[in-house]
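Okay, so subunit A shows up in both of these, paired with subunit B first and subunit C after.
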Partner chain A sequence: MNQDEPAIRIDDLTKSYGRKRVLERLSLSVPRGSIFGFVGLNGAGKTTTIRCLLGLDRYQGGECRVLGLDAARQSLAIRQRVGYMAESQKMYDFMTVKQIIHWVGRFYPTWDDSLASALCEQMQLPPTDKVGVLSKGQTSKLALLLALAHRPELVILDDPTLGLDPIARRDFMRDVIGQLQSRGVTVFFSSHLLYEIEPVVDWVCILHEGKALKISRTDALRESVKSVMLRPRDGASLAGVPGILDVQQVDRRVSVVVEDLKAARPALDRCSADGLEVADLNLDEIFEAYVIGRRELAGVGPDVAPE
Partner chain B sequence: MFVRIEPASRVPIYRQIMDQVKYQIANGTLAPGDRLPSVRELARRLATNQNTIVKVYDLLGGDGWVVRRQGDGTFVARSPDALTRTERHRRVGQILAQAATQAVHFHIDRQELHDLLNAEIDAIEKDRTRHESG
Partner chain C sequence: MSDQTLHQSKGSRGEGPSSRAPHWLRLLGPLLRSQWQQQRWQVVLCAVVMSVLLAATVRAQLISTREAGTLILWIGGFVLTGFLAIGPIGSERANGTWQHLRALPAPGATIVLAKWLFGVRSVVGIVLLATLAGWLAGRGLFVPTQWLLLSGVLAAFALGGWYTVLLLATLRSRNEYEAAMMVLSVSIIGVIWFLVAAMRYSGDPLLNICALVGVAHPMACGTYVFHILDRGETGVFMVATIAVSAALWWIGPIVVLGWLSRRSMTTSRMPEARS
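So, the complex of A and B:
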C-alpha cells in the first residue's frame, strides 16, 4: 500500500442496530506511526466502530479502510495484519501462558516466537501458570503480547485498561510506549477516560452518541480550548462569539468555555465590561464541555442579561 | 532525574515536565554537564508519548537550559550567560507579569508579593547549598 495512506481511514461511517442509530456519519483518519486516542462515554459507539474496522460488524453507509484494505470485503486480511485487543477479552483459563501463546501463534503466518518469548520475559509473565490464575493486570499484558507477537503495523486496543487498578494501568501504558511507539507501530486506543490516555496519545477523537465532536492533536486541544470569565457589558450578547462549548452564569459574571480562544477573543472582548480572565482546563473539563456543555444560558437564550 | 506528572492538572503535561526540569537545574539537583535521560527512557518511565519528551527537550534547548548533541544525548547547559541580560529580563518578566496579575486579582499587596518571591528564592538557594555541600 501507499505509505502516505493513513493507517485507518473512516469516511461517513453510518451504522444502526435495527432502528437504533449507533454511528452517524463518522469520519476520521489515523496517521501512520501515531498513537490515536478514541474517547467517549460507555455506549458512545467506540466498540462498534472498532468492530466495523475489523469487518466483524456490517455497516449501512460509508467506508472503512484499514492499512489500505476495505473492511467490508477484506476482513480476514485485515485481521491477519492488525493486532487487536478486545474489551474484556475472554481467554482459555485452562491453558498455561506458554500454551496459549503457542496456540494463538498458529493463526498468524507472521508470528514471531522469539519476540513472544522476549515480551513474556519483559512483561514478567509466568510461562507455566494457568491463564485462570493471572491477575487482571497480567491478563491484560498477556492480551497485549498476543496482539503484538505477529509484528502488526497497526494495533487496535479496545479500552484495554478497563478494570485495572491505577498501578497496573500505568504499567500497561508504559508497555504501550516502550513496546509499540518505540517500534513505530500505529496504535488506535479507545478509552472512556480522557485524562488517562492524554499523556500517551498524539491525537484525540471525542466520540459522543455516534458522532465525532472533536478530532485534534492532544497538545493543540489544550492550547485552544480555554475557560474565560467576564463581566458582561450592558446589553452585550454572546451570540457573536464563535465556538462556545459551555456557558454558565456565576453571580454577576459569566463563565464561558470556548473551543478556540484565539478566534473567540475579539468577540469576547466586545462583550466584556472590564477585560477577560482566561484559565487553562484539564482534559476532563475539556471532555465535559464538549459532551455535556450548555451552549446557551438557560432562560435568556444566547443573550447575557446583566442583573 | 525525578519527574512526576499530575494527570488531572490544568497545566499541560509538557509544561509540568519542563517546569520540574528547570527547577532542578535552578536548585542544583541537576548540575551543568549532567546527562538527562534519553527520550525513550523518560517516555517509558513517565508512561508519556515520546513526542512530548522531544518537545520538552527541544524547548529547553531553545531556551538555553540544555544542550542537545545529535546521537549523544541531552546535557544540562554550562551557563545561562549565553543569553543577553535583556533577553533574560524579558523571559523572567513574562512570568512575573502573570504573577502580578494573580496578585492584584487576589488582593495581595506589593510587600506580600515581594515576601512570597523572596521565600521562593530562599528555598531554591537552600536546596542549592545542600546539593553543593553534599
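So, the complex of A and C:
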C-alpha cells in the first residue's frame, strides 16, 4: 500500500435496500494513523457504510478502498488485514472463550496466539466459560480481543462500547484506543455517544440520513462551530447570516449556533442590539446542532420564533 | 490493556503440516468443526433413532425386512434429510452468528461448502449406520439382509443428493421457520417430481420425457437403480443415471463451490499459504 494513500477512501458511495436509499453519494477519507469518529443517529447509515467497507454488502454506486484495496473485489484480503468488531456481535455460544479464540485464529495468517492469551488475561475473560454465559461487557471484550489479536493495520469498530458499563467504557476509550493510536494503527469507529469519543478522536464525520453533513478535524470543528447569544435589533432577521445550524429563542434573546463564527460574525453583529456572547460547544452539542438543529427558524426572524 | 501487551507479544502461529493446501481448503477444518459442535446432538439423535428403529423392526419381523427398509431408510431418511437441512443456514441467520461468520476472512462459497459437506456426511453416515444396525439385527433370522445392505447404500447415495437440493433451497432463508417452509415446499415438489420419474415405464413418449427429467431427481435415481439391481439386471441407462445424479448432486457442488472459493481468493489476492 502506498503510504500516502488514506487508510479508507470512500467516493460517492450509494447504497439502497430495495427502494430505500440508505447512503447517498457518501465521500470521505480516513488518514492513516488517525482515530476517526463516525457519528450519527441510529439508522443514519453507519453500519451499512462499515459493511460496504468490508465487502459484506454490495453497493450500487461509488467506490470504497480500504488499505489500498477495492472493497467490492478484494473483500477477503481486506478482512484479513482489518480488525472488525460488529455492533452487538453474536458469537457461537456453545464454544468456550478459549475455543472461540483458537477457532477464529485459524482464519487469520497473522494471528498472534501469545497476544490473544495476554489480552484474554488482561481483559479478565474466563477461558473455560462458554460464550453463552458471558455478560454483555465480557462479550464485547471478547469481540474486541478477536478483532485485535491478528495485529490489524486498521481497526473498524461499530459502536464498540454498546453494552459496556461506564467504567469499562472509559477504560476502553482511554486504554484500547490510546494503545492502538500509539502503535500507529488507524481506528475507524462509529458511535452515537459523542461525549465518550470526544477525548480520543482526531477526525469526525457527522452522518445523517446517509449523507455526510460534516467531515472535519475535531479541533477545527470545535474552533469554528460556536454558539452565539444575542439580543436582536427590532426588525432584524437572521436570514442573511451564513452557516446557521440552530436557532433557539431564550426570553427576549436568541441563541444561534453557527458553522463558522469567523464568516458569520459580521452578519451577527449587524443583527445584535448589544454585542455577542460567544460560547464553545462540545462535540455532543455540535452534533445536535447539525442533526436536529432548527435552522429554518433563521429565516423567520428571531423575534417571532416560537418558544 | 497494557502497552506492553500490544507491543511485545510475538507468537504467530507456525506453519502446520497441511500448510501446502490452499488457504480456502484449510478453512474447511474449523468450519466443519463448528458445524459439528452446532448440530452434533441433532445428528446423534437421528442416528440413534434410525438405527434402533430399523434394528428393532427387522428383529421383531412384524413387517417384512423390505418394508422396514423402505419405510425407515427411504421414507424416514427423506424426513431426516429435511430435518437436518433446516438448521445450517436458517438457524445461523436467526441467531445472528451468520454475521460473525461472514465477517471472517473466509469466502462465502467455502462456508457453504463446509455446511454442505457436513450435512451430506451426516446424512450418509446416519443411513449407513442404521443399515448396519438393521443388517446386524437381521443376521441369523433367515431374512434377506443382503437386500438391506444394497438398499442402504443406495438410500445413502440418493439422500445425500437430496440434501444438496434442500441446502440450495434454504440458502437465502433468514430463519429456521423460513428454512422449514422451504424444505417442506421443496419436499412436496420433490415427491411430485419423484412420481413423474416413476411413470417412466408407461410407454407414453411424453411421460418418458418426464421420466428422463425425473432421473435428475436424486431419490428417483436411487430407487430406479435399486429397482434394476434388485431384479439382477444392469444396463447402460442405469450407469448413465448414476453418473447424472452423481455429477449433479455430488460432484457438482464440490466443483462449483471449490471453484468459487478459489476465485474469491484469487480476485482478493489472498495468500495461498500462511506466512
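The rule is simple: the second predicted complex is superposed on the first by the 293 of 307 C-alpha atoms of A that agree within 3 Å, B and C clash if a C-alpha of one lies under 4 Å from a C-alpha of the other, contacts with A are read in each partner's own complex, and residues count from 1 in each chain.
The working rule: a contact is a pair of C-beta atoms (placed from the backbone, for glycine too) under 8 Å apart; a residue touches a chain by one contact, two chains touch by 3 or more.
As the structure is a computational prediction, the values presented were derived from the model and not from experiment.
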item: Superposed model, subunit A: greater residue contact from subunit B or subunit C; value: C
item: First (subunit B), second (subunit C), both or neither touched by A:Arg79; value: second
item: Partner chain(s) touched by A:Asp113 [first = subunit B, second = subunit C, both, neither]; value: second
item: Subunit B versus subunit C as contact partner of A:Asp219, first or second or both or neither; value: first
item: Shared subunit A contacts, counted only where both subunit B and subunit C touch the same residue; value: 176, 182
item: Complex interface listing, subunit B residues touching subunit A; value: 5, 7-14, 40, 43-52, 55, 105
item: Residue ranges of subunit A in contact with subunit B within the complex; value: 35, 170, 173-174, 176-178, 181-182, 195-196, 198-202, 218-219, 222-223, 277, 279-282, 284-285
item: Complex contacts: residues of subunit A adjacent to subunit C; value: 54, 56, 69, 73-80, 84, 86, 88-92, 94-95, 103-115, 117-119, 122-123, 148, 175-176, 179-180, 182-183
item: Subunit A partner contacts - residues on subunit C that touch it in the complex; value: 1-3, 5-7, 9-13, 23, 26-27, 29-30, 33-34, 37-38, 95-97, 99-100, 102-107, 264-265, 267-271, 274-275
